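Dropping the structures in below, format is structure tokens.
Two complexes come next, and they have one chain in common, subunit A, joined by subunit B in the first and subunit C in the second.
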Partner chain A sequence: MRRLSRLLAIAAVGLALAAVWEGYKLIGQSIGPEGGPSWLPVATDDLTMPHTWDILAAFVEPVQRGRSETLAVFLLRSAWFTLREAALGFAIGAIVGLGLALIMLRSRFLDRGLVPWINISQTVPLIALAPIVVTWGRTTFLSDTQAVSLIAAYLTFFPVAVNGLAGLKSPDPASVELMRSYAASWWQTVIKLRLPAARAYLFPAFKLAATLSVVGAIVGEISAGVRGGLGRVILDFAGRYTTGPEKLYAAVVAAGLLGLFVFWLANLAERRAMRGRAVELS
Partner chain B sequence: MRTNTATAEPRSGGRWWRLLAATLALALVAAACGDDDDSSAAGGGGDCDGVDEVSLQLQWFAQAQFAGYYAAVDEGFYEAYCLDVTILEGGVDIVPQQQLASGAADYAISWVPRALVSRAEGVDVVNVAQIFQRSGTLQVSFADAGISSPADFAGRKIGSWGFGNEFELLAGGRTAGLEPEADYEVVQQNFDMQALIAGEIDAAQAMIYNEYAQVLETINPETGELFQPEDLTVIDWNDVGTAMLQDAIWADGTKLGDEAYDDQTTRFIAASIEGWAWCRDNADGCVDVVLANGPTLGQSHQEWQLNEINALIWPSPGGAGVMDQGLWDQTIDIATSEGVLAEAPDADAFTTSYAEAAIELVGDLDVVGDGWSRVEVELRENGD
Partner chain C sequence: MESTTDATEPAVAIRGVVKVFGAGTDEALTAIDGIDLTIAPGEFVSLIGPSGCGKSTLLRLIADLLPLTGGEISVFGKSAEAGRVDQDYGMAFQSAGLFDWRTVAANIELPLELMGWSKADRRARSAEMLELVKLPEFGDRYPWQLSGGMQQRVAIARALAFRPRLLLMDEPFGALDEMTREHMQNELLAIVADLDTTVVFVTHSIPEAAFLSDRVVVLSPRPGRIHSIVDVPMQARTAELREHSEFFKTATEIREALRAVEATIPSAGAPEPSPSTGEAAE
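== the complex of A and B ==
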């Protein structure tokens, strides 16, 4: 029952958003010329704002004349391609992020020294970095898709490192003292005390990292021109916006759904991992 | 003495930890099993001592603009010249001549002015085959706007993509004595025709093989039918005399002179010319090749595009890929007078010797294409 009511709520908000879209369009078109009055922030003609039902209809139209594959199936295949790049990026990012967190936990010196660099890393615009990574990849052994995964990893390691370190430091001094009184080694303390305590910090970071990995993969594809994923599809349809804006919207919707999907996966993993946590706290 | 782990530990952290490890492993496996399709053509033709692996960097995605190269791959022309060619598509941040110079690609397709800007910055790239003999850039307006020559720009809003795409237009305006900003307004335009159709600008920049067709694939709200060529007025920079050379094959200047690279370059150009000649003589089959390589591309749009690309290549009076000195000089004149280049490039910036050797190599293939003429292409809505 709870699940049903939740789905109903999501559907209701979705419908409300569509109604706002169509309502804005309708009002704009009824009080002005085709595109609506010029003081509106977004023109309301079909080119700028295609009807929601036209966007939905685009999903079931063939992706190319004379081919039986629909746009929906094509987008699904593209999403699977992007998901694989994102998954590899997420895995690398999570491992690197956790590794950095452990290094910073271990060494006070590196803790001080690394943090500003980690922060700087995220202020470098991704589009500046992407061509460099792709060129590196091509002059070595990396394929373009692996280079894209590295770009995704670049975005994902950050929240894992930052939250991971906070989580590893989160046990109260008494617990750390207790471990010490057992003569537990540094690693034993990490594994038995710090990492379990870090869960509450890590999983929110994983959720963020999962969606970021999709963003990174899509941006990387767009930047490097990798064929097969959603980024390429978005760029492709953006270039032909005039002759089919609803296709671009459909591709953007697909990218959003992929982000939602990985968030849901991370959420699921969190629920499993955190099971019994409430008992533990008491 | 070794003390055992704490027995008073609140709860084994092992399970979630294993779960995390399993998730990461799964992600790695999923990603790894995905990295499959690096299908290199199996072996070369029978007469090859060895097959050279060659990569070609495009400026943009698969579309009929690059049809000849795709056809040369799919129809086995490269293979016949003992080449295993990988085509690298362009992206937003990919600058082909930089990819070439960095060693990430063996050859690159680039417009002449852009590659020469890189060359002026010290990137040693050399034009070894001038495939497009004409410029595909137009300035398009609605017929009722009355903009049929650059003189009509006066006082109007003229769209341009910028980023180096504006120089034919600016030079064209100057032929009529018009200065940008003083005599007409240059408006930054997106890479689509929305601003023209919405009436935000009076004339829009368009490639004859892409954006111009996009207008003709759009419904005219006044008639309920597609826009027709007679609804539009076109200024062709080739006619005005301010055209600049576009798609050419560029090679790595640091490697030219090396015997193996020279030989490979000649074979690469020869097979590419064969690909383009095939696309000239088998337009339908060539469009199929393009569509197979670009699964979202519109069929009629690509038919149109190939037709117009053929018109940019054929006829090639000096033979396909051979530079027309007059057009090169015109390109350089405009580039220097518009400030794109500080000075004319050195004499090594292009060479016709590889293209000429390639023409020798392809034998009795028609490399001029005098007999070719445009076919009639019917565009459908949205270019489908």
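== the complex of A and C ==
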């Protein structure tokens, strides 16, 4: 029942947003020349702002004249390609992030020295970095799609490292004393106390990292020129915008849905991992 | 370095112990200044005194959770560190400090896990301990499903799960209501009598010290020193004792000692250094 009412609320807001889109179009076209009056920030003609129903209809139309594959299936295939890159990027980022958090926990020196570098790493624009990673990848055994995964990992390691460290440090001093009273080793303390306590910090980071991995993969594909994924599809549809603007919108919707899907996966994993304390968290 | 434990060897021997927090800095604070105390096997000794008298600090020095500044402490003839590494003591704090991602049974089994016990042995022992603290049906529950008094009983079961000869307790019943507290005191006495455990017990409560202890050590603050030791006459520690004149006589004796201590304090100045947030956290 609660689930249903939530879905209804989401659908209602979605419809309202579509209504705003269409309403803006309607007003612009009723008062101005073709494309609406020039003082509107965005022109309202069908090329600039296709109708929402045209965007939806584009999904079931053939992706190209003469091809039997619909746009929906084509986007699904591209999304799957991007999802695999993103998944590898997420895995690398999570492992590197957690590894950095453990290193910073272990060494006070590196805790002080690494944090600024980790912060700086995220101020470098991904677009600038991507071609370098791809170029480096080509000089080694890495394929271009693996290079894209590395670009995604560059975004995902950050929240995992930052939240992971906060989580590893979160146990209260009495719990740490307790482990010390048992003469537990550093690793035993990490495994039995710090990591379980860090879960409440790690899973929100994983959720953020999951969506970031999709963003990273798409940006990486675009700058590396990798074919087969959503990034390239967006680039192609943008190039052929005048012949089918609704296709680009559809591809953007697909990218958004992919991000939503990985967020949902991470959420599912969190619920499973936190089952023992579900009551406390709700 | 005697390795044998004969009957006359003290459970805890404290000789000329000094503890200075932040030694060598401007903020150096002498928490304990020259304490000598010998505790016999099977004895129940309470440490009582105003804030800042270093009673919790002394307990943590015995537990080797804090480094000594001067003097020496031996536990069953060994250094405090060897006592900790050999798991000669169990410890219970004011907050039960149960791990909320572990079931009650798994919490009790934590020290056994760290000591490498087999799963079957752990199960058997935790069931036995749950029986002992009168929570036999609660093994599969999580800590947050238990009341404060029940959580504290689980913490005692955890502290005694590996049958240490010494139990160190830091105001374990401080957060409980009066009735639960008295009930827990009765149970604690039964349990430690059953297992023949030596207990060092930090408390703020005069009746608690008078009821539980064989000896009550009254400490004076800034720096912490032993003011006096109150011997409690041998008697059956039953619920009836609480209404007995002997009990009131002991309580009065402790109260007068504490009054004498309070009279020596020039002003209620700096707060007690918190050992659990100080060096122990490292």
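For the reader, a short list of remarks on this structure follows.
FYI, the second predicted complex is superposed on the first by the 277 of 282 C-alpha atoms of A that agree within 3 Å, B and C clash if a C-alpha of one lies under 4 Å from a C-alpha of the other, contacts with A are read in each partner's own complex, and residues count from 1 in each chain.
FYI, contacts are C-beta pairs under 8 Å (C-beta built on N, C-alpha and C of every residue); 3 or more make two chains touch, one makes a residue touch a chain.
Owing to the predicted nature of the structure, the values given are computational and were not obtained by experimental measurement.
The wider contact with subunit A, measured as residues touched, comes from B rather than the other of subunit B and subunit C. Shared-chain residue A:79: touches no atom of subunit B or subunit C.
Once the two complexes are overlaid on the shared chain, A:104 sits clear of subunit B and of subunit C alike. Of the two partner chains, subunit B is the only one touched by A:236; subunit C is not.
Looking at the shared chain after the overlay, A:149 reaches subunit B, while subunit C stays out of its contact range. Of the two partner chains placed by superposition, subunit B and subunit C are both touched by A:199. Of the two partner chains placed around the shared chain by superposition, subunit C is the only one that A:177 touches, whereas subunit B remains out of contact. Comparing the two complexes, residues 178, 182-184, 188, 192-193, 196, 199, 276, 279-280 of subunit A contact subunit B in one case and subunit C in the other. Only residues 3, 5-6, 8-11, 13, 15-17, 19-20, 23-24, 26-28, 30-32, 34-35, 38, 55, 60-62, 88-95, 98-99, 102-105, 190-194, 197-198, 214-215, 217-218, 221, 291, 294-301, 380-384 of subunit B touch subunit A when the two sit together in their complex. Residues of subunit A that touch subunit B in their complex: 34-35, 43, 45, 47-48, 63-67, 69, 74, 81, 83-85, 87-88, 90-91, 94-95, 127, 130-131, 134-135, 138-139, 143-146, 149, 178-179, 182-184, 188, 191-193, 195-196, 199, 221-227, 232-233, 235-237, 239-244, 247, 269, 272-274, 276, 279-280. Contacts from subunit C toward subunit A in the complex involve residues 60, 63, 65, 84-87, 89-91, 93, 95, 97, 99-103, 110-111, 113-115, 142, 144-145, 276-277, 280-281. Residue ranges of subunit A in contact with subunit C, taken from their complex: 172-178, 180-184, 188, 192-193, 196-197, 199, 276-277, 279-280.
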